[in-house]
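In the two complexes that follow, subunit A is the common piece, with subunit B as its partner first and subunit C second.
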Partner chain A sequence: MSVRSSIMVPRGAPLPVLLPLRRPAPRSLTLPLDAAWQRRATLVVLVLLASWLLCAEALAQAGVARPGIVALLWKWTPVIFSGFLFNILISVLSMAIGTVAGVALGLLQVSLVRPVRRSAWVVTQFFRNAPWLVILFYCILLIPFEFTILGATVPFPAWIKAVIGLSLPVMAYVSEFVRGAVSSIPSGQWEAAESLAFSRLQTMTMIILPQCVKRLLPPWMNLYAILTMATPLVSIVGVQEAMTLTRAALSSEGRFDLLIPMYLYILVWFFLYCYPISRYTVRLEQRHGRAS
Partner chain B sequence: MTPSARPTAAWTPDQPIVSVSDVHKSFGDVEVLKGIGFEVAKGEVICIIGPSGSGKSTLLRCINALVPINSGSITVEGQEVNDPRLDKLALRRKVGMVFQQYNLFPHRTALANIMMAPVHVLKQDRAEVLVRARELMRKVRLEGKEDSYPGELSGGQQQRVAIARSLAMNPDVMLFDEVTAALDPETVKEVLVTIRELAEEGMTCMLVTHEMGFARELADHIYFTDRGVIVEHGPPETFFKQASDPRTREFLSQIL
Partner chain C sequence: MDEFESFFRWLHQAHGLNFSVAYDAYDRAQYLSGLWTTIKLSVLCIGVSLVIGVIGAWAQGARFAPVRWAMHGYVAFFRNTPPLIQLYFFFFAIGSVLPGLVGDDGARPLVSNFAWAVIALSFFAGALNVEIFRSGLEAVPQTTVEAAESLGYTRLQAYVHVVLPLAVRISLPALGTNLVNLAKTTTLAYAIAVPELLYVSAQIWSEQLNVREMMNVVLVSYVGLIAVLVWVLHRWERALRVPGYGQDE
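So, the complex of A and B:
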């Protein structure tokens, strides 16, 4: 309907000119506020948060003579921080293993040999479409707690199993990123390399993959942020990370009014770690968009 | 074809450097080459013209084995291209190719584009290659652009880097696939000048082109293809004046 009405022109009015189709500008995921507004909003949130905590503190101290919320949070900070470092360690290791395996799997997905290509695709799809928690449980149960290699017994603690469990979905995502990036390189690049007598391996490592890095970096960093936020999942299998330690702290204090501040505290920690990564990713994407 | 058209081992420069006979090629159900045959002598410049979709680009791609042929024979310096035991590396060292879309490697500088293949494929000494690459940049009149990335160069400049990149492998035959078709009219000339200089130095050149003036002036022989066959061919003097086939005449009348 709207198309027809836009064609109808009142008598005497100038004829409409066929304008080029304009796509709406891509909306960024951030709020449509400028930097000053963002700073102000952040400040307001922090002030609200602090005043709420102080009120709770004052109320707690006015009531019975027991330690306030802030004091308790402070008391448990070193313990929880050590757990948080463990989260980061798990995320870094999972990301490293997942990336190496994922690049390899992604390259198999663009192999010239059909069975190789198909099986790499199946593995990728399987781990990409499985819940992380289920994969995690699966790994914990499947992998033995120790290996015996040449008579020497190598222990295999739960947290390493958890690292492997988390690296599997990472591998699948990276594999898809790599496949997508490789196939987005124009076929002329392959032809030119081939006509200059480069082997397929040389073409891949010297010509195709270097051009993919720029495209791969933003989704890869996004994936890392998501992975970091998923690391508390490993608390379920008894790894001493931030979430497990928080729960331990809460049960040892036994105070209901501590529950919400404590979890909020953990949330803020993750936020402070992940938000800069996602900001930087957006910056990279914008720069990439401008460059191309 | 006579057996002499398929030399096996010893090739001498008096024999055709490229010899194509009865080549057929299909993509799925579409037959794009339906029995093409011709010969190119060393130092000769041939132009292949014809309407789009007549299989010209495919033909060039068959000669350096980018596209495998279904039947027939192509030899380059006596080496059978359709042989499954073909050493593709050896073939592609002899045959350079320049593309319509330049296809420079965008993540490397102009100089690095020229040096990559000699250093990594031919394993030549980097310092020697560097000297030669700088000479080639001078030859294509791009001194001072060595450290520019392809994205910073104009189309004509990129195409000249692509020619230099191909020459760095010291090929015996150069294939040019509509190398000026994507260029602005004002930069076409600079690329044609480079090709003319190459031809005058005695390089064997096979060009697919729509530049009729250029073809008339430079080519030793012109082939007109339509729907997968060579309709007509001859030296430019006779070809442009006395084209006899109605398809050739129609094509020429449209383009001239």
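So, the complex of A and C:
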């Protein structure tokens, strides 16, 4: 109804179909988001940030004799960088554990035994739907801080618990990816393997999984970027990393005008690490899209 | 109700399982208010992020180049930085610059922490929505747009009445995933002391010292809440699916 009423044709004017043909603007409603646009956008963001920082610097130095913003950021860079390396360590470990567990869980999800398949599905859905922060709290608060194995006390520091907490959602996501990839392989592959007398295990490891790797790579890399961006969560549960150190630096300087630059600075650190990953993921996806 | 409460009292006394939210009226009220805050936060963020997505996808096709650049910059930056630090940036950095309001009950900040959580999380999820809507818009066949133009639609009319409804329907699966993620991300509001479910639960377990029981209650509550959202979105997705797109079940 609203469609008809919205085409306003003045009374007495000829209907649009009777008007002489006017070529519509050649451009479509949206622009394809190619790599050049993205690069330009990134450049704009970085140039804006840099110029704004320099302005703040100039203003700060125009006033009383205090260290400038840029000098302070530079002073704290080694500390924040060490924290950032720890974030990357946490993300790599969680990704490794989560991927191994996730592939196993994903294969259980396509098992031929119905109860196994169902229970693997339930586990996957549970950890996929639970918020990362809640799982993190769960692991930090409920895993004991030390284990006693054969009389020897093994300490279990908080950051290892955090790694486990982050790897559980990763496991669930990888499990879904594996299930999706396996079921996207044409059934002809299974039948051909069967006719060549491959066992199920052989078919899986030698025919299906190698073909899945190509499909799994883009979502897996995307997941890694998401995981890296989730690592600052461990600061909430009391593990020291880049965010904790940044806030410590802020409180030790006690400078009001440092707040915005400092938070932007740590955001840029993460951006510089995650942006190339997501660009590369998009490129991989495009290449696969063309191939298939 | 009385039997329900006395059962959990008995569980506490006999087995030491202290589900205080089940029998203690104060804890239950706190828990329910946290649950309500989480729901409000999720619904508000979903709404605002959808608006950002629609406007952003429109701006990405704008004729004025700087608007497009700004939109690409916004999407690239918010998609590739941690949501928690974005939240801190808004709350601690931008919030510290804004002036406070002085009312009858003393000074209070111009933007409350709940509002900051809505703003920050919506901007984060909105950046993803822009991308999702854009790919939906690109999937609308050019011939449909031409058909609309030949019927005398202006560019805006064609966008509002023809392209956008189709694009929304095409992008629903990806949109659903993002909105579920957004609802999960509302737990981050804990970090700036918004009294949502996780925050009030932390208060309860530090008063009652029942971390184990409360943690399980929280986990089950969230999984239940998200499951409802997933179910609703799934129904919606099936009802609005465009025939001829994607896999037929």
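Simple rule for what comes next: the second predicted complex is superposed on the first by the 247 of 292 C-alpha atoms of A that agree within 3 Å, B and C clash if a C-alpha of one lies under 4 Å from a C-alpha of the other, contacts with A are read in each partner's own complex, and residues count from 1 in each chain.
Throughout what follows, a residue touches a chain if its C-beta (ideal position, glycine included) is under 8 Å from a C-beta of that chain, and two chains touch if they have at least 3 such contacts.
Just so it is clear, the structure is predicted and the values come from calculations on it, not from any experiment.
**Q** Tell me which partner A:195 touches in the superposition: subunit B (first), subunit C (second), both or neither.
**A** A:195: touches subunit B, not subunit C.
**Q** Looking at A:221 after the superposition, I want to know if it touches subunit B, subunit C, both of them or none. Which is it: first, second, both, neither?
**A** neither
**Q** After superposition on the shared chain, which partner residues are touched by A:232: those of subunit B (first), subunit C (second), both, or neither?
**A** Second partner only.
**Q** Considering only the touch criterion stated at the top, classify A:105 as touching first (subunit B), second (subunit C), both, or neither.
**A** neither
**Q** Decide which partner touches more residues of subunit A, taking subunit B and subunit C as the two options.
**A** Subunit A has more residues touched by C than by the other partner.
**Q** By the touch definition at the top of the document, which applies to A:256: first (subunit B), second (subunit C), both, or neither?
**A** second
**Q** Touching A:172 in the superposition: subunit B (first), subunit C (second), both, neither?
**A** A:172 contacts neither subunit B nor subunit C.
**Q** Applying the touch criterion given at the start, work out whether A:211 contacts subunit B, subunit C, both or neither, answering first, second, both or neither.
**A** Only subunit B is touched by A:211; subunit C is not.
**Q** Touching A:95, do we find subunit B (first), subunit C (second), both, or neither?
**A** A:95 sits against neither subunit B nor subunit C.
**Q** Touching subunit B in one complex and subunit C in the other: list those residues of subunit A.
**A** none
**Q** Touching residues of subunit A toward subunit B in the complex: what are they?
**A** Of all residues in subunit A, those touching subunit B are 186, 188-189, 191-199, 202, 206-207, 210-211.
**Q** Across the complex, what residues on subunit B touch subunit A?
**A** Result: residues 61, 64, 66, 88-89, 92-93, 95-97, 99, 101, 103-107, 116-117, 120-122, 162, 165-166, 169 of subunit B touch subunit A.
**Q** Under the touch definition given earlier, write down the residues of subunit C that touch subunit A in their complex.
**A** 57, 60-61, 63, 68-70, 72-73, 75-77, 79-86, 88-89, 92-94, 96-97, 134, 137-138, 140, 142, 145-146, 149-153, 155, 157-159, 161, 163, 180, 184-188, 190-191, 198, 202, 211-212, 215, 218-219, 222-223, 226-227, 230
**Q** Can you name the residues of subunit A that touch subunit C in the complex?
**A** Residues 2-3, 6-7, 9, 15-17, 24-25, 27-33, 37-38, 40-42, 44-45, 48, 126, 129-135, 137-138, 141-142, 225, 228-233, 235-236, 243, 247, 256, 259-260, 262-264, 266-267, 270-271, 274-275, 278 of subunit A touch subunit C in their complex.
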